[in-house]
Amino acid sequence: MEYVYAAMILHSVDKDINENNVKKIVEAAGIDADEARIKALIAALDDVDISEAIETAAVATAPAAPVAA
Amino acid sequence: MAHVANWKKEEVKELKELLNSHSVIGVVDLLNIPARQMQLMRKSLQGKAIIRMAKKNLIDLALNDIAQNKENITGLSPFMIGQPAIVFTDLNSFKLYKILEDSKTPAPAKAGSIATADIVVPAGDTGFEPGPFLGELQQVGIPAKIDKGKITVQKDHVIVKEGEEVSKQVATTLTRLDINPMEVGINLRAAYEEETIYTSDILFIDEEKTLQNIQAAFNGAFNLSVNAAIPTNATVSAILSNAFIKARNLAVNAAIVNDDTIGLLIGKARTELLAIASAISGVEGALDDELLD
Amino acid sequence: MEYVYAAMILHSVDKDINENNVKKIVEAAGIDADEARIKALIAALDDVDISEAIETAAVATAPAAPVAA
Amino acid sequence: MEYVYAAMILHSVDKDINENNVKKIVEAAGIDADEARIKALIAALDDVDISEAIETAAVATAPAAPVAA
Amino acid sequence: MEYVYAAMILHSVDKDINENNVKKIVEAAGIDADEARIKALIAALDDVDISEAIETAAVATAPAAPVAA
Amino acid sequence: MEYVYAAMILHSVDKDINENNVKKIVEAAGIDADEARIKALIAALDDVDISEAIETAAVATAPAAPVAA
Amino acid sequence: MEYVYAAMILHSVDKDINENNVKKIVEAAGIDADEARIKALIAALDDVDISEAIETAAVATAPAAPVAA
């Protein structure tokens, strides 16, 4: 999931989600970035609006994710 | 049959004809059966079966006489008690049993009778205005009170357990509540069919169980068909769905990103984030404001 | 359950579910048919609608599956 | 489903689930047996633990998510 | 399930789901294709809209409307 | 999803899920194999218990019970 | 939430979740790391089993199992 999380970080801080940025984050975690996986991620994200996807997920998961115990 | 009166000979002859011309012979006991029940039974058997009352010894004579045609038929004899009657039909024994069971009707509980099942007073409005009946209900242990101007039973209450005797007071109360917990009707004590005597315990059919068996059969076949990937018209869609779901499970769990999974993976990341946020939400400063909402 | 399965076969192929047909199937499976059980089944099926029972089962157990015809 | 039920009958009476036995049952139901379907059935059941396959709820559990656009 | 997955691949890449195509895929996986199973699958797929079946799966397994937290 | 389905086929028939095998299957389906996507697939599956991953409901989005009341 | 995602990346690649590692990831995303926040996060995560928290999310949101036969 590290590649997906990396994309989520970039989205959170409002940075461009491109191969280079994802790669930098993954490498900062101390692992070798797998270019093929990054490319696949970027390609898939091409048509996806992350904010919208999060919102859809948030609605669907609402009861499951009560933020305070 | 030297000393047998002519009318008796006639009757035995008639019984023998009926015995020979029907595939199923049942024995019922009509002792203490109310006239209304007799009517109901005749109505439900109309066109399907013939019922004939006769003295036990005459029936026995007839049975003995045809025993060579219908092997084992004298086995019905011990089941002829009370005021026996013979039912002649071509329905199978189980269906005959069911028709008779279905023609049974609810009846009020009499004082001293034994409950054949738990007798329940259901929750709800009794229709009675407030008055002494409330005390009567409470006296026999029924949780009742006044609600919206009516005497109301607060929750379902078992007033007589299965096998227990119905007291006079309870019987009166049940009658006033119009609860008829008893069942009256004609019991098929035994039936003869194809050289076999079926007793009532065997003839009892559990329809609920049959329904469950059919569903279990279908579910089992469905499961087998889908799990072993045996495509049938009834299951091919489920097989495809299953293939899709399994492939998607793999893709999402292994974080394989493609157009079909990216939305799910974003959702998964988000859900995990919230789960962790939830676990640490009590620690000040650990989360940004957005996550604290 | 062989008697029930036999009834289900007859139902699947749209044949009459009667004593004789159930018996033939069970015997084709190489076992002695128990007449009493067959009679009991046929009598019980009198009041049970197999198609309906299947549909109920399908709904309960197979959310992803379109109701079997 | 008649072929599947035929297999289930054989399974429940502990008889060998082979082409010949399935064929006899299906034919006893009064229909022409489709040899290809029988062969396919037998092949599919090869390697399958039938008891387990019958008991295992067939539909993979996966809540779906809102497929993001 | 390999035959089914082969059909799913063909569906994913928008190719005709016929015996020959399924066979080629299964054989590419290094196993002998069982013609009877392929025929049975193709026959069963005749009346089925795969996209719809997939969508049904997605919907059926989708979360019910979240109870507002 | 064709690459994932290819992996599912290999898993079903107990063959090694490697670049070459996936490629052969995808090409048998009549399309050009995208080496990068295959690499990404293989990389993602590395370290994954495939049987378990297949059976585990994939998406954490559903109505069930809140984690903590 | 970039900090939490950074922790999740470290968790998924099996690296130690410490201040320095989180900081490197966040900075790789091109933003200034907020040291106080990182400290608080690390302290808070000290008591949390991330795998379990993630799994709980998945379990809590799993669909009801289909009724077994």
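Letters are used for the chains, namely A, B, C, D, E, F and G, taken in the order the chains are written, and counting of residues starts over at 1 for each.
Everything below uses one rule, namely that a contact is a pair of C-beta atoms (placed from the backbone, for glycine too) under 8 Å apart; a residue touches a chain by one contact, two chains touch by 3 or more.
These numbers were taken from a predicted model, which means no experiment stands behind them.
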- Does B-C or A-G have the larger number of C-beta pairs in contact? B-C
- If you take the mean of the Cα atoms for each chain, which one ends up farthest from chain E? B
- Message: Averaging over Cα atoms per chain, report the distance between chain E and chain F in Å.
- Response: 15
- Distance from chain G to chain E - Cα centre to Cα centre, in angstrom: 37
- Query: For chain F and chain G, what's the span in angstrom between their mean Cα positions?
  - Reply: 25
- Provide the C-alpha centroid distance between chain B and chain F, rounded to the nearest whole angstrom. 49
- Query: What residues in chain A touch two or more of the other chains?
  - Reply: 1, 5, 8, 37, 40, 47-48, 53, 56-57, 59-61, 63-66, 69
- Query: Touching two or more other chains, which residues of chain B qualify?
  - Reply: 216-217, 219-223, 226, 229-230, 232-235, 237-238, 241-243, 245-249, 255-258, 260-264, 266-269, 271-275, 277-279, 282, 291
- Which part of chain B faces chain F closely enough to touch in the complex? 243, 246-258, 260-261, 264, 267-268, 271-272, 275, 278
- Item | Complex contacts: residues of chain D adjacent to chain E | 36-37, 39-41, 43-44, 61-67
- Query: Can you name the residues of chain B that touch chain G in the complex?
  - Reply: 216, 219-220, 222-223, 269, 271-280, 282-288, 290-291
- Query: Hey, which residues of chain C end up touching chain B in the complex?
  - Reply: 1, 4-5, 7-8, 19, 35-36, 39-48, 50, 53-54, 56-58, 60-62, 64-66, 68-69
- Item | Residues on chain B engaged by chain D in the complex (per definition of touch) | 217, 220-230, 232, 234-235, 238, 241-242, 245-246, 248-249, 260, 262-264, 266-267
